[in-house]
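Both complexes shown next keep subunit A, but they swap its partner, so subunit B is in the first and subunit C is in the second.
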Partner chain A sequence: MMRSPRLPLYITLATFLLAYAICASQYPSMLSTRVIANLLTDNAFLGITAVGMTFVILSGGIDLSVGSVIAFSGVFLAVILRDTSIHPLVAFALLLGITIAFGAAIGSIIHYLEMPPFIVTLAGMFLMRGLAYVLSTDSVPITHEFYDTLQGIYWKAPSGGRFRLIGGIMILCYVVAMLVLHRTRFGQNVYALGGNAATARLMGVPIARTTIGIYAIAGGLAGLAGIVYSIYTSAGYSLSTVGVELDAIAAVVIGGTLLTGGSGFVAGTFLGILIMGLIQTYIVFDGTLSSWWTKIVIGGLLFAFIMLQKALGWATTTRRRPALEFATRS
Partner chain B sequence: MIGSTLRRVTPQLLILGVVLLMNLAVFPGFFTIEFQNGRLFGNLIDVLNRGAPVALLSIGMTLVIATKGIDLSVGAVMAIAGAVAASVVTGGAGWFTALLAALAAGLLCGLWNGILVAIFRVQPIVATLVLMVAGRGIAQLITEGKIMTFLNEGLIHLGAGTVAGVPTPILIWLAMGTLVTLIVRHTALGMLIESIGVNETASRLAGINSRVLLVTVYLVSGFCAALAGVIVAADIKGADANNAGLWMELDAILAVVIGGNSLLGGRFSIVASLLGALIIQSVNSVILLSGMPPEFNLVIKALIIIVILVIQSPTVKHALYLLRASAGSAVPDAKEMGRNAPSAKETRP
Partner chain C sequence: MKLKSTLLASTMALVPLSALAADKTVGFSQIGSESGWRAAETTVTKQQAEERGIDLKFADAQQKQENQIKAVRSFIAQGVDAILLAPVVATGWDSVLEEAQDAEIPVILLDRTVDAPDDLYMTAVTSDLVHEGEVAGNWLQDEMAGADCRVVELQGTTGSSPAIDRKKGFEMGIEDAPNIEIVRSQTGDFTRAQGKVVMESFLKAEGAENICALYAHNDDMAVGAIQAIKEAGATPGTDIKIVSIDSVPDIHLAMLAGEANATVELTPNMAGPAFDVLEAYWADGTMPPKWIQTESKLYTLEDDNQAIYDNKKSLGY
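Entry: the complex of A and B
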């Protein structure tokens, strides 16, 4: 474990500030509130997904199904609004119910069948993507006046940036997640589970309830991200958001959360999302770079932060005295 | 040797038989094989031929999973290898140079993964995730963002040609599967790989050079992925950096899981994984031949994985063991008990 769990967070913050400074020095207009507002709007669905992913990774697990859940949510909403006359809010509630139940089912399988989260969520990924295909293989447009209302809600900053509703939902998610993780018993249980599952069990952490809760939260947030994505694109398409789970994992890692679980902050994930958004914005501003550079740079950042975690872990464990090491390693 | 292998793969053979019979039910001419224009034609040949990429990937993936690892990057490595082969061949070189270059690229990717896992001790999922994310970008860089087409007869032959009437991909995966099986089973290599998967610390203390072995299995996986990538590129006469090998890593993992290999590492069987790959391809074939919408493909695959997971899970195995023990009939063999070790999740020292 690391001596200061906040160190990776500071490094992420420094990376973000440095990247932003470099961008701003080349393109001064990057400092405008329009860019900042778009950064929040364009990454809202990814940001919300990454909150759920942070919970899962903090507990030492991984969730590969979120991208498919978002696609399923979009198609589900589009189809249900096209074929029935129920109000979008009812559809939202229905969808969140389905995705939370789906997450809880995944969590139960992981806990009770003692299977690795990786393969269980992989099955979930196939299932949700398949269900999205079954609902519709076409891109289904959403034309409901309520959607127009939702898209019309924004706060206009004095210098022209429009902070839209979905960006606000994302920020709200982060605030609530911080409170849950740091101010509730459930949050402490998540950290305990990720630190060492055996110790957590001996300490009396309800493993079953916590595991199921974590995956239910991840599923529910992926559903919420699906709602946000459908507001963002006004459509549902079963082939959309392929690979979002990897972007979300990358954001969590770049945010300084330890992939083995037990150490990390939601705030770091937020910075990770902003860094990834910044790379895309820079490529748009540059105009000559191709979009595949995004993947290479994100891959590079991912590698750098994994190495950083390894280096920090190594540097702090070797200096420790043997007696302490014996006591802290199970 | 052969008897024990047969016993090991009985469930896979049964499943494959059932799926093939389902094929026969929806399409009566399924088993007819004809010899036309100097090559074999028939649905069965198609299953063997179309299953080649997943079969190749599953060979390397079996070894990686046996060490308690996973290789998520194989799809991206396929894209890279296809792109390298295409760019070398359009640069004027021969097909053999292109193949060598693609294989070298695959080995390089495998080396990268192996070093991350074995030397830097990064969890395999995460280590290979880096290449999975960045790999397609690299492939795009090589093809300069477009689908790079080529007309080199030699290279196309690898994916679409025939040798003595048999499509080349079938021969390639059969040869690769036989070669790797012979190497790991006629030497102690296979057992050493299994020992790493069961308990790496203990194997290291017992004198096994786990680092070299770990790097080797990722090298094999990269090599197989590169071969698969070349076949896929040769088949469509072009390298598509975006779509070549997309989702293939999941199919390969699925093939290994259907092959009854535990994701928690340990005992493995390459033959069973290859049968798993054929089962996947036969399921695809049933869905296509029956005229069912292909949309159901993923749902059916998901349900298959879930059923297999339930059967494979330590809890259910333990319950079955208790059931059999209390019934007092056939004593469960020690082999199965060994795999019942209750390990909730990966714990690295």
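Entry: the complex of A and C
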């Protein structure tokens, strides 16, 4: 009973360890630091996006705009660094300002107009993708030397793996998100909102501030993911990161967060990202499987985790009923 | 007949025997399977690897650069002997190519190039995309022989180098013909479905009678457009001349039916020359030139399209 909220997290952890063990038994080089470094570097932008998505889903919402925000961010940075002489750090600050404001605006619409997050963020998705196209339809290379500096920051592990800056940024995001969710009032409010909005209101949770805050965080993190993606590819391209929002949602669910909100852990999302990355790595190592198997396996995993959530939910409610009766009687 | 023998010769060239390549592992990061040509390139690459005894690791990136970067990094982690890369976009390859160089794994670019210093890869096997567009443009100029012509253009994936270069090449090809004018140009994303949709919008905007020719950056979009033209009640190949690039089997079928007029071949055998280069490199360390160009051949209604169709089909389109 007490353990049930953490149970999905343990199952995710077990899935990850099992998957890694299977991979390593078939391809011993999967244990090399290169593979581990690749998992962190290659999934950095997705991982950061998924942190924001975890906040949103914990609160019972959904954010479909993040993939477009990443593409917009990349193009915005590439164009601004090409056409003006401002320093990338100033451009980063400017971009984060825009994406946080964009997220906050989405949150406000959702709260004040009482619109479903699905529709509002869908509109946001089209808006940002469209803006990216307006800025440039071509893939714009970023040649600023500051980018070379950022790309040059890595720690080379003994067997050749390169732990790059962007992987570090992702891990930092997870640590900060954990602290915010579990150590601050705001974090408690996010869980309360996702558990039951009406109860949360009665409990005195500032619904407006929390909702706007959550979507602002998701927008800001998508902007940060865009910065990371631009460092990753040193280019901005309006067609990039299509469907990343869905990958992020998948990672959150595989990580054990309840899609209806209120229950889950950001650490689970991190494991979800690693599991998805691991599947892709395995398929490339195999080299004969169609890469669409990635989607099939992720689909299967998602389905399994949704069923698991349902089963756990069912188990908890049936066990809770006698306890409730007992509580009301006394 | 001459054509048949050329095709035969090129098929023969696919099978040079070499024991050197045996036991080598090569990773191939393919863009996806968005067109028949690309599917053929994948098949030919697999065939080529098998004939030479090379263990080919194949990764389909599903049109996403992030997937391709991941695949290349995984190949490096796995310690393959060489990497073939058909890059989805030109930008953003520097750091992953540096990692390959660091691990002393030669990278050969197939069919497209990248915006990275050329010491980061061994060589690029490509057709001259500008030249392809120019061949198509020249054909239209000769075909029109001075008559006025309003052309609509179906572009490839926005920002991709074939889209940029084939557009530029075609414009160069019709430079000396003030009678030919490109009136509309939009992306059809290299797909049949988008080619049809965009052609429909061209036909609505211009009216079928005001369009004299269609230039499509690949055959698949042209095949989609042929459908749109038929549905609009016009006759493709006659009312609207159609010239496209790639020479996939279906366009030869359309040419047999008189519904398309010309196509410029982009050979799907990019891996053959790449493996030749690798074998030479493994044998005695020979470094190839930085660019290996494949031939851009023009096929028109005068060629034996049935024979070409049959031949192409067997290549695995």
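Criterion: the second predicted complex is superposed on the first by the 318 of 330 C-alpha atoms of A that agree within 3 Å, B and C clash if a C-alpha of one lies under 4 Å from a C-alpha of the other, contacts with A are read in each partner's own complex, and residues count from 1 in each chain.
Everything below uses one rule, namely that a contact is a pair of C-beta atoms (placed from the backbone, for glycine too) under 8 Å apart; a residue touches a chain by one contact, two chains touch by 3 or more.
Here the structure is a predicted model, which is why all the values come from computation and not from measurement.
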item: Contacts of A:290 with subunit B and subunit C, given as first, second, both or neither; value: both
item: Which superposed partner A:137 touches (first subunit B, second subunit C, both, neither); value: both
item: First (subunit B), second (subunit C), both or neither touched by A:62; value: first
item: Which of subunit B and subunit C A:298 touches, first, second, both or neither; value: first
item: First (subunit B), second (subunit C), both or neither touched by A:120; value: first
item: First (subunit B), second (subunit C), both or neither touched by A:310; value: first
item: Those residues of subunit A which subunit B touches in one complex and subunit C touches in the other; value: 137, 290, 292
item: Of all residues in subunit A, those that touch subunit C in their complex; value: 27, 29-30, 32, 34-35, 38, 41-42, 45-46, 137-141, 151, 160-162, 229, 232-235, 237-242, 277, 280-281, 283-288, 290-292
item: Complex interface listing, subunit A residues touching subunit B; value: 60, 62, 109, 112-120, 122-127, 129-131, 133-134, 137, 197, 246, 249-250, 253, 259-260, 290, 292-296, 298-300, 302-303, 306-307, 310
item: In the complex with subunit A, residue positions of subunit C that touch it; value: 27, 55-62, 64-67, 69-71, 73-79, 89-92, 94-95, 99, 102-103, 115, 157-159, 164
item: Subunit A-touching residues of subunit B, taken from the complex the two chains share; value: 70, 116, 120-123, 125-127, 129-138, 140-141, 145, 241, 250, 253, 257, 263-264, 293, 295-303, 305-306, 309-310, 312-316, 342-346, 348
